[in-house]
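Handing you this structure, nothing more for now.
Every chain is named by a letter (A, B, C and D) in the order it is written, and numbering of its residues begins at 1.
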Amino acid sequence: MSDLTVQVLQAILALGLAPLLTGMVRKTKAKLQRRRGASIFQPYRDIARLMRKEAVVSHDASWIFTAAPTFILAATWVAAALVPMFAFASGLSSAADFIVMIGLLASARFALALAGLDIGTSFGGLGSSREMLFATVAEPAILILIFALSLICGTTRLLDIAAFIQTAQIGPHISLLLAFAGLAMLAVVENGRIPVDNPATHLELTMVHEAMVLEYSGRHLAQIELAASLKLLFYVSLLSAVFLPWGLAPAGASFALIGLGLALYFVKLAGAAMLLATFEISIAKMRVFRVPQFTGVALMLGLLAVILLLVSRSF
Amino acid sequence: MLISAALICQTVLVGIAGFAISVSAKRWANGIIYGAAALVCLTGLGIALASISAPSALTLPLGLPWIGMHFRIDALSAVFAAVVNLGGAAACVFAIGYGRHEQFPQRVLPFVPAFLAAMNLVVLADDAFTFLLSWECMSLLSWALVVSHDRTNENLRAGLIYMAMAGLGTLALFATFALLTGPGADFTFAAIRSHGISPALSGVVLGLALLGAGSKAGLFPLHAWLPLAHPAAPSHVSALMSGVMTKVAVYGFVRIVFDLMGPVDWRLSIVVIVIGAVTALLGVLYALMQHDLKRLLAYHTVENIGIIFVGLGLALAFRSSGLIAAAALAFTAALFHVFNHSLFKSLLFFGASAIQNATGERDMDRLGGLIHAMPQTAFAFLIGAAAISALPPLNGFASEWMVFQAAFQSAALPQWGLRLIIPAAAAVLALSAALAAACFVKAFGITFLGRARSDASSSAKEVDRTSRFAMFALAAGCGVAGIAPGLFTNLLRPASQMLTQAATPFATLPAPLTPIAASHNTYNGLVVALGIAIAAGLIAAVVKAFANRRTRRSDTWDCGHPEINVHAQYTAGSFAQPIRRVYAAFVFRARETVQLPPPCDLAPARLETSLIDPVWKLLYAPVGRSISVVSGRLNPFQHLTIRYYLGIVFVTLVVLLTVLAIWP
Amino acid sequence: MNWLLLPAALVLLLPLAAAFLLTLIPSYRIGAWLNIIASGCTFLASLGLLSVRATGPHGLLFVDDLNIAFAIITSLVGFTTAIFSKGYIQSLIEIGRLQNAHLRFYHTMFQILLGAMNLALLTSITGVMWAAIEIATLVTVLMVGVYRSHEALEAAWKYFILSSVGIALALFGTILVYMVAQPVVGEGLAAMSWVKLAAHAGTFNPMLSSIAFVFILLGYGTKAGLFPIHAWLPDAYAEGPTPVAMLSCLLLNVAMYAILRFKMLFAGTLGVIPPGTMMVTLGLTSVIFAGLMLYRRRDIKRFFAYSSIEHMGIVAFAFGIGGPIANFAGLLHMAMHALTKSGLFYVIGHIIRVKGSQKFDAIGGLTSSHPILGWTFVIAVVAIAGLPPFGLFTSEFLIMTAAVNANPLLAAGLGVGLLLSLGALFLCLNRVAFGAPRGALRPDEGSLLPVMIHLAIVLAFGLFIPGEVTAWFQHVARMLG
Amino acid sequence: MGPFDIAHFLAGLVVLLSFALLYQDRLPPLINTFAAQSLVLALSVAWQAQAQHAPHLLITAGIEFCFKTIVIPLVLTWTIRNLKIHRTVEIVVSVGPTIIAGIALVGLSMGLMLRAGAGIGNLAHQDMAFALSVVLLGLLMMVTRRNAVSQVIGFMSIENGLVLAATGARGMPFVVETCVAFSVLVVLIVIGIFLFRIRERFDSVDVALIDSFRGER
């Protein structure tokens, strides 16, 4: 199958699977909390419902407010589409590396924060300023982790990283482990999951993401919700691509291999959902000003990984 | 001969300045002067671009009689000349409209063209004397512009501090060139290059160069004058000083350290990297604490200068270990960032001055909701803000991405010290980038979004056409440089070939930007931009097709409190509060005190925050104090009676004689 | 004697003749004109000196490249000062601060001062130079006291006592020099003539010559206003008439010239302490001290008096460092400073006339209230601050370069001093030239042309130094060793 | 005893008399001591005149004698009487330390000249040493005494030192002229004291002004 088709397939699949992942997480949480919970397809229904509703926009809103959701979704989507999910699609891999993906998410965040400020409510401001605070701690951590990865694999291109991990016999590399832990923590922070933020709450003191999108409704909200779950999917497939790339079909592989890749990918998604849900119900939400420390741990892990690598290389 | 053409341009600029002196009072003067200056700058830009690949030199029988005035335009100076003239042209075009609101045109008009000429001459100079002459003229003319609105004391104070720092820098450069030249009096760069410099001295020279160029570029802790002086000047001049003059300072550093000094020890590169990283971080932290828009922008200049110096430091480190490909990458990244910063910083200052014209306000806490009144300015400013926050697919991201790629090459360095410091520096850069994003969410959000916080901002009008044209031109530049960075890195190849003996691979559109080799990491702004566009298009189409298209305009949800006060919105201070609490508590000893009124008292509760600027507290204030103390102690010398003076003469005589008597 | 020395004779005789005439002329208007004309002729005659470059000694006079330079600067500044003093005197008469009788006296003294300074420059005998400088000093004392106000008399008296002691020291130094030279050169006039002495330079008794130089340095240094023997200078500048301040700039030069001559003699001898070291020490302390003092001044004339001390310090420093570059720079600096500073005092004279006071509190916002005067002042201050594109920038650049290569620590000290004065000068600009106008707003009558001329020359030298001048200065620099 | 010994002896006497000047604490005897010093100086100059076969030095001697030994002292005494200057010398540093300082200065000048030693005649440089010490002692006096009169006398003793030096230097030209030129200074100072009615000290023209005006306040 040609690169481009795989690429397109990935893009569509990412968009299509994102709500499913969210649904799975919710379902698992409900089960673990001894609730029946909504079906794993509930997110699709929500989005459809929102699409059907009319959009309510404040008098004070500017074009930023209405344009932001589309841009956010688009940027996140491009980022997600560039992550190898089930096969090596080198079609656009030369266009963007790990840093670019982070940059794309940063652009999305920038737009979201502006949208939060656009109405001029204190909720929006609160959400934006906290979101940006989290970002300031998260981004250096991510960069250091990328640094560690590039030290291990000699590249920052996700495809090559995945390929390297898949083929090279590095075994259980301690720095790799550290990097994994760090990235996982960052994924939690970036997606505003418990303990950092609670996507299910509407209690103003605790919410960050929800505070920014409080004013949204109808199709705008739908796009934002979709973007949120897409971001989650992005991180899950990122982690799986970097740290368990096994099963990724090589470029130009046969349908069989791609099918295998797909199957494995679903398994990975389900596993990730399980893990996330378990993690979330087993921990309490923390205070806003503890979050930088939480992220700081990730940063430390990254630095530790780098230093270990340097030591192992120089001696 | 290109160089002579360039020099003629400068002469014309000086001529325009002279003409401006006589006519500046007239109403029509503004347009003509700035228009002419803009044309000359565009010509200069053309010359610069033409001479990137065709260096040329010229010697005039001026200056020091035994060497004359040497001028030369090579790959490096051509790049910087291009930056200078581009920024100059933009500023002049902007000023055609903006300058009409100038209060004292006769204090501004004559100096701007001369200032441009001086900056050009710095870049073109090819001997130490000419370089320093133009350098100091540049400082002097910009000082005149800083104090052009001389009725406010802070402007005068800013001018004073600026001039003192400039003097310090110039003296440092005197010493630098004196050491480079040696006892002889042949100050031509060629001669300096020929006899090189002893390794023992290279450390001193680098330190002096950092002092000299850094004080003008705004390296920490020499940046103190910058946020005072840049906002004090008329806004298009602020744009010139921030966007262009700091780049001339960078040029001075590059010329001295990369070109004249010859090989540099790797230990010295650590100094540059560390200073750069510290500057970047503290610059953006300072910026976050501001609520004056122009001062915020000035502090961001400090941050970006830090990023540039990190790039230069990396280049030095790689070059000292012979990793020329990596060195070329780092060097190109730094120069590319120089170019990008000049674009978006000018753009942002234009936006700020447009706001100042429309509202008469610089304090963000008295603005807000301007996007409704001035949509086009808002859009241009948004582009600039996104670019300076290093967001793809704009140009700021492209250059910072290259810096990061360069940092990733550090694994190949033999010195473990560098291999430990460079990742840390990279992390600091990422942190400052994230903080910059936060800062510009604040700057744009508080200024343009939300609801108007004062009548001034609610009754604002869009600025005139030429000003908008200048802004959009620069915004377009940011876009193009972000989508097709290859176009610009190609222009930098001769310079990097000259100074690092290597260059980044030649980029042909639509091929991606390749730092080292095509097999390695690459970034294609075009594809990313297209991807976003296509995705957005698809989404929009889908939404249009399937979603409910009705939109109801209604009031903001007020949580049940009717008519929310505009002051309930987040302000610059409150937006920065979490960041202040996390970061500034340590750096600036930020303290918050809440005073709640006693129960049943309707007085408002007060939240007071206090910041302490460590640099002023620990460096500048003591100097000033010691000067006044010492001069105070010595002052009585002026009030003595004749007999005491005779006593002094007597003592001096006896002391000298005694010295003679006991001298071995 | 050789007809070639005609210009030299003229330079000396013209002022004396003029002085004699001026004593006879009652009307101060004619007097002022005559004063101008005489000074003008003297200036032309001094230009004539260029034609007799480097002809050896002729009796009491001799001309070489070194003293031509000084003579020309002296008579040029004397000329412009005369022009300035005409308008200045007019205004003083109108205020009634001076009477006609004083003016007769004043003009006579003016010419005598010029003549004495030229004599000190052109004579070939150490003793005659001493006498000439003494006369110049006494005349300056009388001119400083011409206002008869308490402050003026105080200043004059202070100046008088201190400089008489200085003169005594200088005389003792001169005698010592004779003692030093006598065994080598032989008795009589020979042991006092520059040429003979210069011929035997380097063969003198080192200890004795060091002692002699100490006395010379302190004696003439008092005139040159070097720290710590500068005390008279600010008072004399501030309390005397402005033209006197302008002429004092010249007296400083003359004193420095004397010191230089003696340094040339002893530089060669392996003195116990080389003369250069002493000059560098005094110069550096003067620069830093003056730089600090500038911050405490409240009187514009005193302020620039201290700036003069600073610049003489720089010059002494440069010559102390020695070597072709530093000496060249020292000469350039001296010339440029004389021109710039006298021009500056010219502007200040106008400012004081406009504002009717010389206190900073009463002067402000000139660029707004009197644009031309204000901006001229700004330019002059920029020039005196050693900023481009003016001549002092070139000289300071060369001095710093030489100093860095000679001894970085000294260079650092000089840098501190320069920085201090730079800050003070711009502080002064903020007070005087910018901000809201303060003080009286009388219109400024009288032309600023002479200042323009001075500044134009300084500007020209900042950008382009004519080849002849260069060769000439370089030759002098080589003479200075 | 040889010619130089006498010159030497007279020069030593002059130094001794400078010490005497330092020692005096009342004005009239101070003036008289100065007159004595000038007299001795005149003698030594005259001696030098015949020793060096330089008749013009006799003129100098004459000037010294008439002017400094007779005229000036008379004028000063007259001044004291007319201006009602009270007679005690106001001393800053008391006599004892001053004398010790003076001795130190003489030692200094001796040391300097001895180091200079070679080159100039053996006795000539001792004369120089004496002259130098007279100059220094005169300065010391000007610095440590407050009265205008005593300071004038200090200044004139400096001049004595100069004359001693000038005449000590063999065949120095312009000695006479120099003496005249210098005496002009002295006269001017004395006139100044009259003019400004300086009673006690010439720190300031007008004592009342010392506080109001010094440099700037």
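The rule is simple: a residue touches a chain if its C-beta (ideal position, glycine included) is under 8 Å from a C-beta of that chain, and two chains touch if they have at least 3 such contacts.
It should be emphasised that the depicted structure is a prediction, and the values quoted were computed from it without experimental measurement.
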Longest centre-to-centre distance from chain C, chain (CA-based): A
Between C-D and A-B, the pair joined by more C-beta contacts: A-B
Distance from the mean Cα position of chain B to that of chain A, given in whole angstrom: 35
Whole-Å gap separating chain C and chain D, where each centre is the average of the chain's CA atoms: 31
Chain B-chain D separation of Cα centroids, rounded to whole Å: 69
Chain B and chain C, separation of their C-alpha mean positions in angstrom: 44
Shared-contact residues (touching 2 or more other chains) in chain B: 638, 640, 642, 646, 649, 653, 657, 660
Touching two or more other chains - residue numbers and ranges from chain D: 112, 115, 139, 142, 202, 204, 215-216
Residues of chain C engaged with two or more neighbouring chains: 157, 161, 165, 207, 211, 234
Contacting chain pairs - touch in the sense defined above: A-B, B-C, B-D, C-D
Residues on chain A engaged by chain B in the complex (per definition of touch): 51-60, 62-64, 66, 70-71, 73-75, 77-78, 81, 92, 94-97, 99-100, 103-104, 106-107, 109-110, 113-114, 116-122, 124-126, 128-130, 132-133, 135-140, 142-144, 147, 150-151, 154-157, 214-215, 218-219, 222-223, 288-289, 292, 299, 302-303, 306-307, 310, 313-314
Chain D residues touching chain C - in the complex, by the definition given at the top: 112, 115-120, 124-125, 128, 131-132, 135, 139, 142, 155, 158-159, 161-162, 165-166, 169-174, 177-178, 181-182, 184-185, 188-189, 192, 196, 202, 204-206, 209, 213, 215-216
Interface residues, chain B side, partner chain A - complex: 368-369, 371-372, 375, 382, 386, 389-392, 397, 401, 404-405, 407-408, 411, 416, 419-420, 423-424, 426-431, 433-435, 437-438, 440-442, 444-446, 448-451, 512, 518, 520-524, 527-528, 531-533, 535-536, 539-540, 543, 546-548, 550-557, 564, 566, 568-570, 574-579, 581-583
Contact set on chain B toward chain C in their complex: 61-66, 106-107, 129, 132-133, 136-137, 140, 147, 150-151, 153, 156-157, 159-160, 163-164, 167-168, 171, 174-175, 177-179, 181-183, 185, 627-628, 630-632, 634-635, 637-638, 640, 642, 645-646, 648-649, 652-653, 656-657, 659-660, 663
Partner chain D, residues of chain B touching it in the complex: 638-643, 646-647, 649-650, 653-654, 657-658, 660-661
